[in-house]
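Read from first to last, the chains carry the letters A, B, C and D; within each, the first residue is number 1.
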Amino acid sequence: MSEPAAADDGDRRDSYPHFLTIPTRWADNDVYGHVNNVEYYAFFDTVINRWLIAEGGLDIHGRESGQVIGLCVESHCAFRAAISFPDDVEAGLRVGELGRSSVRYEIGLFATGADAPAASGWFVHVFVDAATRRPVAMPAPLRACLERLRAPAPGSPS
Amino acid sequence: MSEPAAADDGDRRDSYPHFLTIPTRWADNDVYGHVNNVEYYAFFDTVINRWLIAEGGLDIHGRESGQVIGLCVESHCAFRAAISFPDDVEAGLRVGELGRSSVRYEIGLFATGADAPAASGWFVHVFVDAATRRPVAMPAPLRACLERLRAPAPGSPS
Amino acid sequence: MSEPAAADDGDRRDSYPHFLTIPTRWADNDVYGHVNNVEYYAFFDTVINRWLIAEGGLDIHGRESGQVIGLCVESHCAFRAAISFPDDVEAGLRVGELGRSSVRYEIGLFATGADAPAASGWFVHVFVDAATRRPVAMPAPLRACLERLRAPAPGSPS
Amino acid sequence: MSEPAAADDGDRRDSYPHFLTIPTRWADNDVYGHVNNVEYYAFFDTVINRWLIAEGGLDIHGRESGQVIGLCVESHCAFRAAISFPDDVEAGLRVGELGRSSVRYEIGLFATGADAPAASGWFVHVFVDAATRRPVAMPAPLRACLERLRAPAPGSPS
């Protein structure tokens, strides 16, 4: 057991097709003077859902049967360097695996302009019916916006 | 007792000399589908402290005697319209009263481009010695950056 | 302008008919080593809504017309002493004013066993139809649970 | 890729030697009506740090060289069932791996009285010098309190 391995090439800035700048807030810093580990997951949630709403037609207020929302079933983060208020975070987003009703996002959080991430992680959404909360195939617009974030297969021509 | 009065002219966008755009986050929304009332105070904290750090030399990591930090002793907010993720908030900031060791900020939170605030409030900082936590006169650079945010006296020529 | 006045007799522990113990969390502490001012309002929200759910039948998941939810329209807090993780907070709750569709709660936050509050504030709920979000008269069970928290009128026999 | 596997025997309530009850807060619920995934990590942080402070002498306010604090370098959570305000969470804590300067905690979050966890995860602390932020061997009292939370080796006699 040791510290997380240094980010490898697969985590560098140019491996993420989409970025969102997220300004830190005063309350993000904890008693140790840096953004609390918990908030990194709030950054994950935010870059993901903003993409789904803007590009995939996700309606987060939907409650009716037939409407589809995404629930988090698993998440993970490796913390490599500190981020502190009042810095901005540049959140990179790509899609690792894309199933019928679920998707695994990969997220890198970068200091402004940095090439290696301060943290990287992943997050799995299962899409469910908003009323029954049972998994359903994701609607076409959602799938399409996720396809656009697919990471290239290793070794594939760019 | 009734709903807060509608914002009057003193709360309109052009009464605030400084603005910071604060993107909402997924976790800001509560079960009723809008940004939770608590988070509005996090927006207050953020626009204020970013100003003090960038313009007034505030060192939020200071712990030594002789260093000065600002502690909140009172705050207030009137909520007039809902804000929801994924909207941005435009936080307007001005200084209402400026004492020897304390300052009363007035904050307006606006939807993008709106003239009337979705919420408005105030927040009082007492500046204290970082080690003893006793009130002290604010250092000149802090005072100078706050003077620049003074609200014009009512009826004063602009 | 000065620090908030010391709590007077009206803010002492025995002036609150209901208490909820709220343990602090790691993330509540900010960079200055104490619970961030924003979190105090989360404590207000929590003691209020737990009472309404447990005693007044509030259904926070209601979205249908005819269901009633409470929206915060104004809140205020005066901070008198620091609270820090891992301390518990004892949140005292009483009702100051009770209207047809709105209620003003008064809240005192106490360190364990303390007689004077570390912070005190107030919070106004307007009850609205869950679908239309228009103010409505509060249902009888909600009103009844709020009547039980009425503060005695000043000078009234105890 | 699928939903997280159902919790196996290794995740059941009696596999955790220490529990802390954490009441949920109003603001924990997100727009989907359940505690937001991010807050589960705040529960992890809280059960861990309360143990270290109460049992291991951790001083979270330490800033001097020679003082030791724990920084999170990796965390993970699998979400199996929803938790909602106003429910309590019972957070179970055990130690999986214990190194010279780092520890891997395993956490199970349970609904009141439930045998299978609503969520389970892990969290790695590296202990560092509070001033230099370089890894150091954990002090004896910290190590001792972590030894007491060691999970039994698989197949060991109970």
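In this text, contacts are C-beta pairs under 8 Å (C-beta built on N, C-alpha and C of every residue); 3 or more make two chains touch, one makes a residue touch a chain.
Only a predicted model underlies this, so the values are computations on that prediction, with no experimental measurement involved.
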item	value
Pair with more cross-chain C-beta pairs in contact, given B-C and B-D	B-C
Identity of the chain that, by mean CA position, is farthest from subunit B	D
Intercentroid distance (Cα basis), subunit C paired with subunit B, Å	23
CA centroid of subunit B to CA centroid of subunit D, Å	35
Sequence positions of subunit C contacting 2 or more other chains	26-27, 29, 31, 33, 36, 38-39, 42, 45, 60-61, 85
Overall pattern in which the protein chains touch one another (line/ring/star/complete/other)	complete
Residues of subunit D that touch subunit A when the two form their complex	1-4, 31-32, 36-39, 41-42, 45, 60-61, 69, 71-79, 97, 99, 102, 104, 124, 126, 135
Contact footprint of subunit D on subunit C as seen in their complex	22-23, 25-27, 29, 33, 42-43, 45-46, 48-50, 53-54, 60-61, 85-86
Touching residues (chain side subunit C, partner subunit A) in the complex	26-27, 29-31, 33, 36, 38-39, 63, 85
